[in-house]
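Okay, got some structures for you below.
Two complexes follow with subunit A in common, the first pairing it with subunit B and the second with subunit C.
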Partner chain A sequence: MLYLIRKMRSQFNSWALLSFIFSILIILPALLIMVQLFAESNENWEHIKEFMLKNYIINSVTLVIFTGLFTVIIGVCAAWLVTAYTFPLQRFFKWGMILPLAIPPYIGAYTYHGILNYTGVIQTNLRNHFDIKVDQKFFDIMNIPGAIFIFTLFLYPYVFIITRSFLENQSSSLIENARILGKSSFQTFIQVVLPISRTAIVGGVSLVILEVFNDYGVVKYFGIQTFSTAIFQAWFGMGDIQSAIKLAGTLMVIVVFILIAEKLIRGRKRYSYSTSKVRPLQPKELKGWKKYSVLSLFLTWFAFAFLIPSIQLLQWVYMTYDVILNEVFLDLIWNSVFVASIGSALIVITALIIANFSRLSKGWFSQFFSKITVLGYSLPGAVIAIGVLTLFLALDQKVIVLYEWIGLEPTLVLSLSISMLIFAYVVRFLAVGYNSIESGFEKVGTAFTDASRTLGMSVTKTFFKVDIKMIKGAVAGGFILVFVDILKELPLTLILQPFNFYTLATKTFQYASDERIHEASVSSIVIIFISALSIFFLHKVLEKEPK
Partner chain B sequence: MHKKNLFTTIIMVLIVAVIMAGCGKSNDGASSGNDKAASKEEKNSGEVNLYTSRHYDVDDQIFADFTKETGIKVNVIKGKEDELIERLSREGKATKGDLFFTSDAGRLHWAKEKDLLQSVESETLNKNIPENLADKDKQWYGLTKRARVIVYSKDKVDPSELSTYEALTEDKWKGKVLIRSSENIYNQSLVSSFISLNGKEEAKNWAEGIVKNMARDPQGGDRDQAKGIVAGEGDVAIMNSYYFGQMLNSEDPEEVKVAKQLSVFFPNQETTGTHINISGIGVTKYAKNKENAIKLMEYLSSADVQKVFAEANYEYPVNKEVEPSELLKSWGEFKEQDLNLSELGENNADAVKILNEVSWK
Partner chain C sequence: MFVQIKDLTFNYKNSRKPLFENLSLGFKQGEVTVILGQSGSGKSTLLRLIAGLEIPARGSISIDRAVMNDSLRFVQPEKRGVGLVFQDYALFPHMTVEKNIKFGLHKMSRKQKQNRMEELLTLVGMEEFASRYPYELSGGQQQRVALARALAPNPSLIMFDEPFSNLDSKLQEQIRDDLKDIIKLTGITSIFVTHDEEDARAIGDRIVLMHDGKIQEAGRPEAVFKKNREKLSLAYV
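What follows is the complex of A and B.
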């Protein structure tokens, strides 16, 4: 009995309590939606099953497999090259290769379509200056291969970031040993780098996969039917919430399956600092033709994934800025930055608490919390939005009773306030912040925490005096990744925005959905600029982090 | 005993924490509640809250003019039509939205079906807006009108070859018809109108025929269909009239060039008429500012505003007193489908099913 109590005490402290509360808050909106998963299937569902479901699955899976494959190839190769070798501009590419993350795939999609279509810059020039008319087939990007191209261009940084930081910090001894033992670069890459970095690779690619599953902007614009378009079609097009939720549920099952697979592939391997000094990998210098071919590869890729779309957008900005830019536009920037900062801060705090709790107490209870954080990331933004709306409306009903009791007129307070939107961001993106912080904790292990505890400091004191200082980089990294994600977020913001509240992303959508791509360029470029700036800061932060 | 104490403590702490979290939240709410209080003072001079899926800059301009003229402030949430409907229905009685404004009669009807709108009697509206462009029960009114027309290549197609939407399903047009995806509401409403006029079977045959004759898998928006013609992918495209107007007046000279090689044809003039749709507006069932809402609707239907409103987006005004813009007049007058637009909504679910069944992507 005493043992049991002691065990409970060690599990239930204030950290447990806070973790518990946060987790409940996060799981509630999803639960409100999920209860309908078991509702009886109706006529629409039969219709969807008969005519559409197979197509959705094939399209979604095709997109995921190929995007996953290509992002791994490009992300891992790039990460290996920038950490293991020096070549011209190598220091720039270390963070420059992350920049494409600043371009939301939906903006990338319409920009590339704008470049390639009949009135786009390429065809126009060929036609007007060289009198060449081309077959549209070669310039058609609005299909599945086109979508894979877009996703790969703008999502590979997820794989790149995680793999690169792993290789930089963890692998030096193994790789240097391989080099000493006479392995060629290629052999080292295949036999050592790939196997040891598989945890990082899988972590990165699972983010890519979730992004692809959740994407609505690109596939909608390109007219590809996937799970996310189907959810919208059933819910809003057929007015059938049940079928929509069944689709979302099916998607969730797939996602959970992927996450389990990720855990299995990761295995029990954990690499954490065994000494207090982690020696970064010493890069080798590339010489001769190798140097130039690597450089040109990087330059080409960087051009496609960042420069070309940015330049095109700038040209459109030049065409339209006089109509678009006014004081109202400054509000947009302020709104976007404001919600993104608050949202990111809340996410980082929540993630720190849950991650710290779950790493220190190993019971099922704490592990359960750490899994919950991923839930929001695996659900489409629109589904979360409706769940959050339902939750807040229910809260408001309670408040209304209170209001009437005091004698005020019944009204919506919570669900028309910005707190609803920010709460939804927390549910949606907690996983992003959590993953970064968790990997930070994983890297430092528990040795230092244990030492501090042995010396008599409490968990909380240890947390502030030891733990948080060791994972400063991961915290900053998590903050910035979430910040960029919120800045780019669209479907959720559209549903939950309060009156007269617009962000850069919703403004972009308004023009783009009206087929006014040129007008959309101004807000797009500002999103890209702010995100790029954040990524640069991220790089600076990580650079400073003691190695 | 010890254990029980522990539990009580935990539960107590939990409750306190939840309450505190709640307070934190409602503090948050309170700050925006203060905003609300501030706007409540303004309410004496008046305000009106609008949910809209239209996102033309001219709308904002007109709302600003309305405020100047009447002192009534217009608060706006812009979103996608279906999600705004979902939001309205979830907010129920407590909603702050007074008006719902969207660009498709089918969606307006749907909002009505979900019991989100209320009937509005107004002589001004009855006078300004033709009966067939408003709901049978006056729950919504059309404000601007657009036609879904056939656009054709001046080089490759002689307009005498064109006649009806149905004719585009003939073998002659195999591989030549450009039209966007079935997910698009304008196509759904087009099929809905055929269900009303010709019955489900005919509507399905038509959709099947179009899929068979498509120049390529549906992709892109309406403008992309027009570009597809000039790029040589097809000969004719079905698109909304105002997109064509926008292209003719685009700030991108290449788009203008494309549009100049094309021309507009109003189909089914000898038979059932060209398909039209509207942007329309309705007062929500639980509107808190009903009077102001009606004032805004009347304002939007008035002759002066109709002129600006319709012209800015190359749409047709619904107010018969107002002439369409020079450009639209140059396309000529045309016979419209003789249909109460409510039916577009009534048939929407069937239309979506038909489109899925014939594998219209």
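What follows is the complex of A and C.
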């Protein structure tokens, strides 16, 4: 017992305390939702449950299943082709195929609608130059298949990135052996590549699924009823936070169920290899018709997922920039950069503290903290928004009492302020920053920290003088990733943004919802440009660095 | 005894069987002790326990009559005044040789720090390398810097974790002799950990044979080697 107390005392420091406080703050919103899920229900909720819930579930699940299926097919095939073969532009496509990730699905959705609708570029040209009038039903993408098309186009890179890096780094000996044993390329792909990449594929597709659940922009714009739209409807349409909480809680249960399923599917088959030698796979050169057909496949896909929407947006920018580019737009950029910078900085600091604590003290307690950071990223933005809103409304109740006690005019201070939005960003995206920083720490190991401590530096001094300087790259990478994620974020921002406060993302969505899609293009292009730049930086520049 | 370990029990988080069980061992002042054992015998962990980098489950460790840990106390590594030269040196890659050596010097004026740094570079024969970065040095030079860095704060005890394992065999012999001279010159109490019998024979005033977390033999090198010839040759063939 004495030893237990001494052990706790020897590991207890300000790092442990801060990690504890941050972790509690991170789980609080989810906890509040869970508690209220079992609270007594009101009339609205009974109505929703009886008549609408089934529909939400069917729509959400349909979107998830088909998007998952198509992203796996496209992501895995593309990953296999760029790693196993060389063909013209193959080196570009290795990271170029990630670029569609720069286009948030809601921007892709309204852009494609703008291209395909009656006044869009295709139909206008067909009418004016060829006098062809088309049946509108072939050009209508504002339905569930259309949403699946949009999600697949812009979300497949999650599967592509993870599968590609797995195939590149870990599979060479197995694939080469299959070839030596006389298997054709196709047989190798089916019998070896697919089974061994299963964990990578499941990892990628679970990110896709979480993104689809998170989405509000696409389904709202296309008029599809899902959980996200229902949560918005309950809160903004009916002002009924209780029903919003119940919906969020139900969605949370579904997501947790999926995450458990993912763990089970990955399960024991966590392939790792007896050999520690990591040798990249030697690609085979494609010749003749194969070369050209693979190239044209990639070009077509890249055109649909990146070039066409970008060019269309640029044309709209050309049409509208003189109206849009004014002080109001500068304000938008400032707002976006402001919340994204503060949010990213807070996330990086929180992640550094928790990651450093959990790496230095190896107990289950600290491991628990590091698991908690992942929570927010698994939950859809609307769920987190409702959780955070509940938390801040409850806090305001306390603040009002305090205000009255002091004798000031009581107002809803916290829940109307920007701090609520930024706090929600931290909950939602902490995992993104944390993963980057944790892997930075893992690469460096603890030898330098140990050395510093035996030279008389405390944990905190060591952190500032040694640790943080050695993982600068990982910290910068984490900051950039989070920054871009916040910049693109829509559902959470829509619910929590203070009155009259817009970001690039929410303004884009507002324009698009008002059918002013041309006006939406300028802010869209800014978002896409910054995202693309960060993808280029993280996947092209950083990957070249010797490891 | 200068360093006294009593009834030490330690296990790593993921293993059920303790690595050390009621281990007791002492080190005399000014003596060079070599702990000899195969990998996995627990010798490096013992150094980490003395340095305070691992927390024992039970038992006590005292250095220079001051208790470092027992059932009530645990002195953090930065308060122990112990030097440790790491297996791969762990020189801070973002600092020059000069900065690395000055890193452990606290509560000194700038002038004093400079003097101490120069003194140590002279001791290890690296006067010309003060402004180099670790990656600009050879393995042997890095090791000298690591030694200088560990000695700089004037620790009462210095420990070496497999100090020669990253050097090629030709260099190894020369550095070993140099190191021995430097240690003798400072008169500091030292503990070496190695799996190499030659190293042990060349450096140690006293040898501790360790196997599977247990001490098998301790004493003068000649006596230990004579008594355990068979066991050693079996283990090291």
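We adopt the following convention: the second predicted complex is superposed on the first by the 359 of 547 C-alpha atoms of A that agree within 3 Å, B and C clash if a C-alpha of one lies under 4 Å from a C-alpha of the other, contacts with A are read in each partner's own complex, and residues count from 1 in each chain.
Methods note: contacts are C-beta pairs under 8 Å (C-beta built on N, C-alpha and C of every residue); 3 or more make two chains touch, one makes a residue touch a chain.
Just so it is clear, the model here is predicted, and its values are computed rather than measured.
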First (subunit B), second (subunit C), both or neither touched by A:F368: neither
Touched partner set for A:F257, first subunit B, second subunit C, both or neither: neither
Partner chain in contact with A:N117 - subunit B first, subunit C second, else both or neither: first
Partner chain(s) touched by A:Y318 [first = subunit B, second = subunit C, both, neither]: neither
Which superposed partner A:F338 touches (first subunit B, second subunit C, both, neither): neither
First, second, both or neither for A:I386, with subunit B first and subunit C second: first
Touching partner for A:M52 - first (subunit B), second (subunit C), both, neither: first
Touch count on subunit A, higher of subunit B and subunit C: B
Partner chain(s) touched by A:Y292 [first = subunit B, second = subunit C, both, neither]: neither
Residues of subunit A contacting subunit B in one complex and subunit C in the other: 9
Contacting residues of subunit B [partner subunit A, same complex]: 2-3, 6, 10, 13-14, 17-18, 21, 25-26, 28-33, 36, 49, 55-57, 75-80, 82-83, 85-87, 90-96, 110, 114, 180-181, 183, 188, 216-224, 227-228, 230-233, 243, 246, 251-252, 254-255, 257-258, 349, 352-353, 356-357, 359, 361
Subunit B-touching residues of subunit A, taken from the complex the two chains share: 1, 4-5, 8-9, 12, 17-18, 20-21, 25, 47, 51-52, 113, 117-119, 123-124, 133, 136, 140, 142-143, 220-223, 225, 229, 232-233, 235-239, 319-320, 323, 382, 385-386, 389-390, 393, 395-397, 399-400, 410-419, 494-495, 497-502, 506, 510-511, 513-516, 518
Residues of subunit A defined as touching subunit C within the complex: 2-3, 6-7, 9-11, 362-363, 447-448, 450-458, 465-466, 469-470
Subunit A-facing residues of subunit C, complex: 13, 48, 51-53, 55, 57-58, 69, 71-74, 76-84, 86, 88, 90-94, 103-104, 106, 149-150, 152-153
